[in-house]
Structure formats: C-alpha cells, structure tokens
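Labels A, B, C, D and E are assigned to the chains in the order they are written; within every chain, residues are numbered from 1.
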Amino acid sequence: KPGGSGGSAVTGDTIKVGANYELSGAVATYGQASVDGITMAIDEINAAGGVNGKKLEIISYDNKSDAAEATTLANKLFTQDNVLVGMGPATSGNFKAIIPVANKNRVPVVSGSATADDVTWDGSTVQEFAFRICFNDSFQGTIMAKFAAENLGASSAVIIKDNSNDYSKGLADAFTTEFENQGGTIVTSEAYVAGDTDFNTILTRIKGQSFDVIYLPGYYSEAGLIIKQARDLGITAPFLGGDGFDSPTLLELAGASALNDVYFTNHYSSIDEDPTVQDFIKAFKEAKGAEPSAFNALGYDVGKFVADAISRASELTGDAVQKAMAETKGFVGVTGTFDMDGHHNPVKTILVIGLKDGVQDSSEKVG
Amino acid sequence: MTEFLQQLINSLSLGSIYALIALGYTMVYGIIKLINFAHGDVYMVGAYVGYACMTHLHLGFFESLIAAMIICTILGVLIERVAYRPLRNSTRIAALITAIGVSLLIEYTMMYFVGADPRAYPEMPAYLTGSFEVGGVIIRNQQVIIIGVAVVLMIALQFIVKKTKMGKAMRAVSQDPDAARLMGISVDRTISFTFAIGSALAGAAGVLVGVYYNSINPLMGIIPGLKAFVAAVFGGIGIIPGALIGGYVIGGAETLVSSIGYSLFKDGVVFAILILILIVKPTGLLGKNVKEKV
Amino acid sequence: MLEVRDLQVHFGVINAIKGISFDVPAGEIVTLIGANGAGKTTTLRTLSGIKKPTAGTITLDGLDITGLSAQDRVRRGMSHVPEGRRIFPDMTVMENLELGAFLRRDVVQSDLDEIFTRFPILAERRRQLAGTLSGGEQQMLAMGRALMAKPKMLLLDEPSMGLAPLLVQEIFDIIISINQAGTTVLLVEQNANIALQIAHHAYVMETGSIVLSGEAKALAQTDEVKRAYLGG
Amino acid sequence: MSLLEATKLTRNFGGLTAVYEADLHIDSGELIGLIGPNGAGKTTLFNLLTGVYPPSSGTITLTIDGKTEDIGGRKPYRICAAGIGRTFQNIRLFKDLTVLDNVATALQQNRPYPLVSALFHIPPFGATERRIRSESLELLEVMGLAGKADELARNLSYGEQRHLEIARALATHPSLLLLDEPAAGMNPFETAELTALIAKLRADFGLTVLLIEHDMSLVMKICERIYVLDHGIVIASGTPDEVRNNPKVIEAYLGGEEVGNA
Amino acid sequence: MKTLKPMFWRALPFIVAYVVVLALISAGVINDYIFAIIVTICINIILASSLNLVTGFTGQFSLGHAGFMALGAYTCALITMHFDSVFGFALGILGGAVVSALVGALVGLPTLRLRGDYLAIATLGMAEIIRVILLNLGITNGAAGLSGIPQYADWNWVFGLTAVTLIVLWNYIRSSHGRRAIAVREDEIAAEAIGINTTAVKVQAFTIGAFFAGIGGGLYATYFYVIKPDQFGFLKSIDILVIVVLGGLGSLSGTVVAAIVLALVSTVLADFSDIRMIIYSLILVLIMIFRPGGLMGSKEITDTVLGKVFRRKEAKA
C-alpha cells in the first residue's frame, strides 16, 4: 500500500514537519532538549522567510520514551498529519522503532542523537528513509581510546558504563576494542543504571585498583555525580567521556573543582571561534538563559538540516526530500560540517575537549 | 579491610537514605494501608522547595529544611483531602491507582514548570560538605548526618506511634475506623495528622538527599519511592523499625552486590535476595507471623 | 435522657429504619428486641453517629445531637458496644482498654482495676493481642473498653452473644450494676428472656419499625412476644 | 463404630496452652456437644481437627468405610476431602458471591471436570454444571434458602448467613460435620427452629455432628453426648444429664441457675 | 439447537467487531495510525484481562505482569526472527506463551506462599530479575534490545488472539475452576475448609495469566518492530494494572472497556504533547474518585441493561 508521500504536507504557505520525541518518561531530558533546539532552528528559519517562501510548521508529539508509542505516533504523523519530514526520536531504540513506518510511508526521518552503530545501516542494508546527523558510538569510543593511549599515554583503564543504555554500552565496547589494540588493558568494568545517584560502592572498588584513566561513557546527569563522588573519595585519575558530557548541568552537578583532568569527545566546542557556533551559543543563551547542551545543538542542526534538504528538493514530496538528504554535501551545522555518506551517516570530524575547573580549555580535532 | 570499612560506610549511608523515605512511607502505609506512591514525589517536591529556598531566596540550610517540611506537610494533607479521602471506603487497589495518578500529576506538573533536566544544589557550608578520614576510610559529614537523622527519626516515630495518645489513635484507626470513632477518635484528623508527619519526613528527606547527592530532577522520586516501598514491606508492613532495617538491608545488599563485582546484575540480585528472605519470612523481617484467628 | 423522633435510615435505596420514635429515660434500662434484620443494630449505629440518618432527630440530655460527629457524642457521655465486638485485633488487651478512655484526662488506673476484677480473664490476658482472644473473651473486652469511658449512656448490641451461660448471668449482673451506678442503658438483645427480665421498658422492632412497646415485664407476658421472640 | 479418635491433642500458642492432652472419641452417627467457658479451647480444638492449626502434639485418626487415616497436621483441604466439614464461629462466607455460588463452590472438591473442559466449555462441562446447580439448589432448599439463591451472600441477614454456612459445609459431603456456635445471634424462637433442623440434617444425610454451643436449650435437647472443656482440658464427658449435674461443670461453666434454659 | 443460539448471541459482539474493522480497513477509513491504536487496545486487553484473572478474580496482587509480557515478547521475537515466516510467527506466539507460563508456574510455586503486598513485592522483584537478565544476556542484545522484528500481525491475528484470550478466560471464570479461584480471593481459610487446594489454584491462575501475558508480549514485539528491556519495567506493570482497576477488578468486560477508554483518552491527548501527562493523571484520579470500583465494578456488561436485552434474546432463543 503506497503511503502518503507528502500529499497534503504542503498546504498553501506552510510545510508540515513532525517531531516525535521523548517529552515525558525516563529520557524526557534528551527529548525536551532536542525539541528546544529544533524549535529554535525552525523559528529562525521562519523568521528569515521560511524555506523557499513557505513557513515550516512543527507538529510535535510526546512518545513517552516508549518505542511502541513512538511507532504509533509515527503512524499518526505519516498517515494522518501527512508531514513531509519526521524528526526524532532522540534515542536509538525508539528511532529504530519508527524506521519501518517511515520506509513504508516513504517519509524521510532524521535523528540528531540516535548513535547506535546499526541505526541506518546494519552492515547489509541501508534504511532508505532514515538519516542521522550524529556520529556513531564506535567512532566516539575508538577516538577516545586512541586519545587516551596516544595523548595521555594511558596503558590501563577502568570503564564505568550505564548498563541500561545502549549508547553507553556501544561506546564502552568500541573503547575497549581500540584501547586493547593500542596495547592497553581494561583493569575492570563497572556498571550503573540510569537514575542511580549513589556510586560510592563502585568507586570504592575502583579506588583500590591501579589504572591510568577512567572511561565513563554516560550522560551528564549521572556522570556529574560520579565525577564528584570520585573526587570526594580521592580518585584523581582523568575521566574520559563522550558527547553525553556536553551539558552545563555537568558543571552544576560535579562542581568546578571536580572537573579537572576531564576529557570528552564532542561535535563542537564552545571555544570554537567559528561564527556558526558562537551565534548559536549566543542565541541559545538569550532564548533559554542557559548554555546549550549537545542535545540542544544536535536538535538545532536537525532543524537546519531538514530545512536545507527541503530547500534543495526538486519537489515537496518525501521521495524528493529523501534524495536531497542523501545527496547532502558540505552542510554547515553547529555540530560540524559534513557530507552524508551512502549509509546515511554524516562524515564528521570529532573533537576531544578538555575541561579545566569545569570550563572548556582545550579542543583537538581528531579523525 | 579499608575497602570493606569504606563499603560499610557507603552501605549505611545509602541504606539511611532509603530508610529516611521508607519511614514516612511505612507510617502512612501502616495507618491507612495505602501504598502511597505519591510519597516519593512529595520527597521530590521537598527537594525542589529546598533548592528554591537556597538558590532563589538565599536561605540557609536549616531554614530551607523547615520550609520544605512545611510545604510538604501542606501538600501531603491536601493530597489526602482531595484525592484519598473520597476513596476511604473502597478497595486498597483502587486507592493505589489513585495514588499512582497523583504521583504522575505531581511529577509532570513539576516537569512542566522546571523541565526534565536535573538541577544542582548550591555549595553547602563546610560543616555539611566536609569529610574526615579514619584509618584510610573517608567519612563525609553528610553521611554521619544522614545516618544520625534516620536513626533519630526512627526512634522518634516509634515513640509517637507506640507511646503517645495520637499514636494509639493512629493504630486504632488503622485497624477499625468505625470502632475508633466509637472511642471518640476523630478519624479524619488522625489520618490528616499521619499524612502531615509522613509528608514532613519526605520533605526533610528531599532536602537532605538534595544536599547529599547535589542532584534533583522531577522524576527523582520514582526509584527511591519504589525502593522505600520495598523496604517498608520487607521490614514488615507498618512496622517502623522494620522500615529502617528494610532500608539498610536493601542498601546493604546493593552495596554488597556491587562491591563484589556484580554491579551489572545489581537490581536483579537484590530482588532475588529479597524474595528468598520473604519466602523464609513471609510477613517481612520484623513482621510477626501471626496466623489470623479463626 | 435520650429521645428519638421519626428516625429514618437508608442504605442506598433500602429504607432500613422507617421513622421510629422512642425514649430512654435517665437511669433506666431500655431494651430493643426483634428478629434478625429488624434494624436494631442500624438504630444503635445511628444513635452513636457511625451511620447518618436521612430524617429525624436524636436528643441527648435535652441537646439535639443529630448533627454531631461520633466523637462529640462520646464526649457527651455516649458509649457503644458494637455488634461483632469490633475490638482492635492487633493491639493488646491493655491498649484496647486504654483506648476506651481516649477522651478522658483523669487517672484511669482505678477503672482498669475495676474492669479486671469484673473480668479476671482479661487481667490474665492483658498483654495478649486482642485478635487472638476467644470469642467470649473478646466480648468481655468490648464491654470493658466501653466502660473505660465512664459513659452516662451505654448502647449495648447483643452483649451476651457467644458467652458461656455463667458469663451470660454475669454480664447481665454487670449491666444491672452499671445501671444502678447511674448509667442509662439501651440494650439490644436476642436473648429476649433475660433482656425483658432486667429492662424497665422494651420496644419491639420489625422490619424497620417499632411494632410494640411498653413496660418490659408486661410485654414479656403478651402472646405476640412470647410466640415470636421467647420461643414458647 | 468409631469415626474419629483424637488422642492427647495439645496446642500451644507461645506460652499459652489452648488445648491440653484432649482425648476425643466419636462414633459414627452420633450428635455430640462441645461446651466450656469462653476461651476454653473449643474453637481451637475444631481448628486442630480441620487442619487450620497443626497440633503441637497428639494424633487424630478418621475412620471412614473401614479405612483409617491419620489426619493430624494435614492441610485443611485434604481433611475436608477426607470427610470433615465445618462452619466458623465468625461467619466466613464468600460474601461477594451469590448464595448459589457459595454452595456450588463447595460441591466440587474432587475436580468435576478437567481444565480443558473448563477453558473451552466442552463436555462434560455442561452436564456437570447442571448437576452442580441442581444439587446446590437442593441443599439450599433443605436449609430454607432456595428463595435467596441469587442474592449476594453479604446481603443475607445474620441468621440466614449461618444457615448458608451450614449448606456450604454440607455441600462438601462430609461424614463428620463440625458446627461452631450455630445458634449465636439467634433469638430463642429461631434457636428452637435450628435445633430441629440440625436433628433432621443428621438423620437425612446420615451425618455425625460435633457442635459447640453456649445455648444450653439447644445442647441439652439434641446432643447425645457432651464433652466439657475448661482451660484446654477435657474436664467431663457424658450424657446431658450427667454433665448437667457434674459439679465441676456447674462450677466452671453452667453456674447456679440455668439461664439459657429459662 | 438449544445451546447453539445463546452461543450465537455471545459470539455476536466478536463477529461485529471483526467485520466492522475489516470493512473499515478495506474502505481505507482505518489508516495505519488508527490501526496501530486498535492493535494497542487489543494488546492491552490481552495483558490486562490476563492480569485480571490473577488479581481481580483470584485476588493475588501482582506487580510483575510486565515480566511475563517480556518473556513472551523476547521469545516470540527471537523465534520469528529465526524462522522468518508466518509459521515462525505462529510458533513464536505459542513459544512465548509457553515460556512465560512455565516461568509463571515455576516462580509462582514458592512466591505464592506470600500474601497481599508481600506477594506484590515478590512479583515486582521477579519482573525486575527477568528484566536484568534480558539486559545482560547476549542473545537478547542487552540494553539495545532486538530490532527489525518482522511484522506479521495483521487484523486477523490481532483479533483472533484477543478473542481467544477473552473467550478462554471468560470460560475459565465461569467454570468450577474459576469458582475455586474466586473463592480463594474471597476467603482463603474458608476456601481451604471446603476442600480447595489454594496453592494449586493460585499457581493455576498465575500460569494461565502468564500464558496470555506471553501472547500479549509476542504480539507487542511483532507489531512494534523493536523491543528493549526498559519497555518491560515496573511502570509497564503499573500501566496494565491501571487498566484492570479502571475497568473493575473481576470484570472482563470492564477490562475491555477500560482499555478502549484509555486508548481514546491517550489518542485525544496526543495533540497536547506538553501537558498530556498532566491531563492524563488528572483524568485517572478523577475517574477513581468518582468510580472507585472501576468503570464496571465487578459486574460484566451482561449484567447491565445492555446485557439484559441480550439475555432476553437468549431466553427466547
């Protein structure tokens, strides 16, 4: 059965785009932050006259952090609201759940933060209508392992991962593989689950061992607490993490004094002189009164990326926009400039950012 | 050895936090047999009130603590009035569902106003954040405070329930509200009082945990609420020392499982331990195994 | 002491009490008898404020108490030994008795002693959980608990139910002595024989209405009562 | 012919000995009373016989159709299956079920049909259900509750509830029926009716009955033999006349005048 | 003939539901979105009615139904992914149900010694243990879960499984086995005294409940493409319980009504993404305050006015 290929997505002067995000439930933080970024981007675009003279209208739904709900809402967006493009969900699992719906209805969908390796390409087939604008887990894990071995001279590491989170496990696995390739050893691997607040037990365990660095591929909400509690316990080893660290909340939670010798892989750096980055940070601070997080920035780029693809599409149909997305070259976003590769993954450089007293102090382009 | 002692401190402070929430929980639970799922959320509100007092009103720790307790008391009594009282005579599961509704309502109303992102408590004075070392074991002042508060509150509550007139009234109401009225006890007032105390405790726990972990968010009440429920039941329904011990057992089991390297399986193993103990002691650790008189 | 006028009680649509009026004069024992389901228990529950009437007035000592809460009625000297005893099962015998004196501020030790002399078995069981008492022991406890309030007006719902014969005598002796000590008693009994022997006045209820009333001893002689309630 | 034999039955609750070395002997077809002061241990004895509490010591044997079984400490449902039915001092009906279903539930202890038959309503489901229904109605008829078959049990008056409990106990096809204060809460007139009914039940169903009762008008009228329990000990047993005139019994239980018989 | 006609009247609502949906699908009125809602309703009906058997009819307070659902979902998904065909799917559904029922019986046996809230904790713990195992097993792919599960569940399957669940549960409850279960709920001591082996009854109810929860889980896995351990957490068990209580403990038709009502509420609220949870929770509280016994109490549709009309027809027939 042919899907609604954007039949009524365009009415008069508006183009409908859908947002299917985690606004409540366990990972509401990521969904809300992404939507904040998206809204900002779309508002900017509309204020500047829209896409080819048409305004973008966001239809936003809350999938309650639930894959089944995400699927149902994807159906609603694609068969009832007939949006031209779908954005989100934020997490890989939920994004994967809607991809079949997108393919079936021939509506392109974009995620800014579905980082699991196999989201758009499982090694044999490309998910035709699914795109993402973030690098994948192995990339981050691999880069950080290299950085640890080469730049920090580390030969032994401890891993603390969020066992309930595939992102965290993905990064940890990639890190392990590369770090061992570089001749290093993983001394021990500890786990927590999202929402935990007390990490003293695993940290006490770690404290008794000898190692050079701690790899902590998790989100700022727990990472902040872990780093703080570790420093309180007298653990001084460097902490390494992924883009999940990128949030002002990390500083709030851990406190400035704890955030020394902390490095994480990220899409961009706030000390980057690039005007795209600085304008975004400035605008975001004005709008929300806070520093942006990685989710904000990625959400913002999702909005911009969608608008860019629509503007380049030969006509306003799902197929045409899909084609435009697949052919993206040199898209300039806050989170980097990239081409879309054949697997619908962006080809991006990655930064390793170092913190000193909680503020970004160094950034190094890798990869 | 040092590591063992350190882990012991860890487990005691973690257990105390569960106990702190479980105490208020078991109290309400013991009196009206309501699994008050909203208790964890009252605790969350307490944490936010404390946060607001400290960051926006620039109040000190104790003033903020008192403020949180007062606001939570009002909130708790209000919830009971509006949502639970109409269900007094219906089944316990119906009341449970209402409590779940109230819990969601508080969580998402809060989230609507403050967003889902965690907030951090401001810097605390040194007497709270400091730490000292005893033979290689680092003990933080907050840990001492939290353990102390939990034990003192347990004793105070036990005294209220067992020795005071109000406490007797509470127990009477829990066993037979109509008969309690025939003794001249005001059932409504007694239940309101119970909620007031329970909620004040939740408020205090919220601020203490906020200070201790430094991180609060609108959904922070769910997991501790659940664990407190488990601790309360595990210790024996409505038995106040049971809540404390239940809290310590869960805290201890979690620490034990993680500290011997099974942090991957932590929650599963902890529940397995709980189930095994319950099978041996089907009415909780301190629950008397009295068979119903036939 | 107690005046009831046109009292009506409903359970949903069921009209359980259909407008009854009666008096309990101060210092007397008045008994209410009637078959199962006649509405005796409901009447007592309404008098003590557990159940709200749909119409009618209840006056205690000249004061209209119809709108008062149960605990206010207790405060005004009303005490109710409910059907089915309703002791607090998870509290000790002692605690149950103490709750009986919940609203009193004066010393109650002497009252406790008095109860324990009346019901020695309760003294033996004072630390036992009330729920594990035998049926008769629970009945004694319920009675003792009500007496701890030092009531002016005592409502008794089938106090002899489940009691051994020896105790039945005793409990009625106690009722008489309580009454002689100045407490007014409204007694609901299935054991109509004794009830009519010890009461001053009696009312007979049938399906929510009072069908007969009069002096207790005289009523016991009437054919209707003999046939329907005395089994002879 | 001996039906039930209990020897040296003892039950402690903590420090309290509720029943102490009680011996009980019941012949098939007898109607026996069990009396004693409040708290003497009568209900506890019932609970031991029906497995609600296991005895602390002592044995209970049941002989039915020449087969003798040791039932001491067995689970209640197995004792029921072995042939002892009971009622409770504090009525324990299935309050939210209809009167008919209360009885029907008891009519099926030996699995009337297999699970598949229940899940798909395939034979012998229909026929068996019809049989259960008609048998239940018969029992209700006997107990004078036929008109109330579709009422919820909780809506019955106290006296009716007591009757329903007996009907439910009868539905388990007991050889020995234990009644715990069946006349409690009934007036003398109703008690007299019940007395006649119990006698009739025994005859019609070929039952053996052991009953606890404080109403001497009932006990003395229909019981052939009476056991008297005091402080958990059997202090006397014998015919109503023997018991009535036993000074120990008078002192412990009956008191001077026989109030209940007035 | 005599027995056939009432059966016809009982089957009527099912036939009507089946035909109407089928017709609307082919007429294009039911798009994928509406169909997804219908599937959600059906899955919720299966899950909630099986929980109702355990909690509503047998009186055993379970907070772990999502655990059984998870077993069914993973088993079905793994089998279907391995044998990618309708036959594999059918095998998957059956396999999921059987695995779930086996675990239900296994866990039920020791834990059903517990009562009330103690049992609730034990079942909650059991579901958590299942979830933690799924999170750490290789075959279940850990936190990322399974994705790309082939979707075989069309209207015939969804309807068929829902109808079978409801009919079988209805039959069970209205049989001597069901009466025993209800007796256990009402009064365990009295139930034992009339010869009911309460443990056996509980284990049976638990096993049957788990069996159908497994079916619900299987359907869920194949319809929604992706399953992850965190979908089967404690909150899922609560969601199912909410449906049961909202419909009325001990009312199968209540469960159906509640599943539909909640889905409608949720559908309407989807358009208010930022306040949907606030409104949803308010509605929940209000319904419970005004209908504490649930929408249907412990009555069935057949006990209401509507049912009377039907019954008259049955009687005439």
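In this section, a contact is a pair of C-beta atoms (placed from the backbone, for glycine too) under 8 Å apart; a residue touches a chain by one contact, two chains touch by 3 or more.
These numbers come from a predicted model, not from an experiment.
K.L.:
Under the touch criterion given at the top, what is the topological distance in steps from chain D to chain E?
P.N.:
Counted as steps through touching chains, the separation is 1.
K.L.:
When you check each chain against chain A and chain E, which touch both of them?
P.N.:
Looking at chain E and chain A together, the chains touching each of them are B.
K.L.:
Find the chain most remote from chain D, comparing centres computed as mean CA coordinates.
P.N.:
Centre of mass proxy via C-alpha means gives A as farthest from chain D.
K.L.:
Farthest chain from chain E, going by mean C-alpha coordinates, please.
P.N.:
Checked the centroid distances; the maximum from chain E is C.
K.L.:
Whole-Å distance, chain A centre to chain B centre, using C-alpha means?
P.N.:
Chain centres of chain A and chain B, defined by C-alpha means, are spaced 36 Å apart.
K.L.:
So, what's the distance in Å between the C-alpha centres of chain C and chain A?
P.N.:
Their C-alpha centroids are separated by 74 Å.
K.L.:
What whole-number Å value describes the gap between the mean CA coordinates of chain B and chain D?
P.N.:
About 47 Å separates the centre of chain B from that of chain D.
K.L.:
Let me have the rounded angstrom distance from the C-alpha centre of chain C over to the C-alpha centre of chain D, please.
P.N.:
The computed centroid separation for chain C versus chain D comes out at 30 Å.
K.L.:
Two or more other chains in contact with one residue: find those residues in chain C.
P.N.:
Residues 132-133 of chain C each touch two or more of the other chains.
K.L.:
Which chain E residues sit where two or more other chains touch them?
P.N.:
136, 189, 274, 277
K.L.:
Going by the touch rule set out above, which residues of chain A reach two or more other chains?
P.N.:
In chain A, the residues touching two or more other chains are 24, 26, 163.
K.L.:
Within their complex, state which residues of chain C touch chain B.
P.N.:
48-50, 69-71, 74-75, 79-80, 82, 86-91, 95, 98-100, 102-103, 129, 131-133, 145, 149
K.L.:
Quick check on the complex: what are the chain C residues that touch chain D?
P.N.:
Contact set of chain C toward chain D: 33, 35-37, 84, 121, 128, 132-137, 139-140, 158, 161-169, 190-194, 227-232.
K.L.:
Of all residues in chain D, which touch chain E in the complex?
P.N.:
So the residues of chain D touching chain E come out as 50-52, 75-77, 80-81, 85-86, 88, 92-97, 101, 104-106, 108-113, 115, 117-121, 125-126, 128-129, 132, 168-169, 171-172.
K.L.:
Of all residues in chain B, which touch chain E in the complex?
P.N.:
Listed in rising order, the residues of chain B that touch chain E are 35, 83, 86-87, 89-91, 93-98, 100-105, 107-109, 111-112, 226, 229-230, 233-234, 237, 264-268, 271-272, 274-275, 278-279, 282-284, 292, 294.
K.L.:
Quick check: in the complex, which residue numbers of chain E touch chain B?
P.N.:
55, 61, 110-111, 113-115, 117-118, 120-122, 124-126, 128-129, 131-133, 136, 189, 234, 238, 241-242, 245-246, 249, 274-275, 277-278, 280-282, 284-285, 288-289, 292-294
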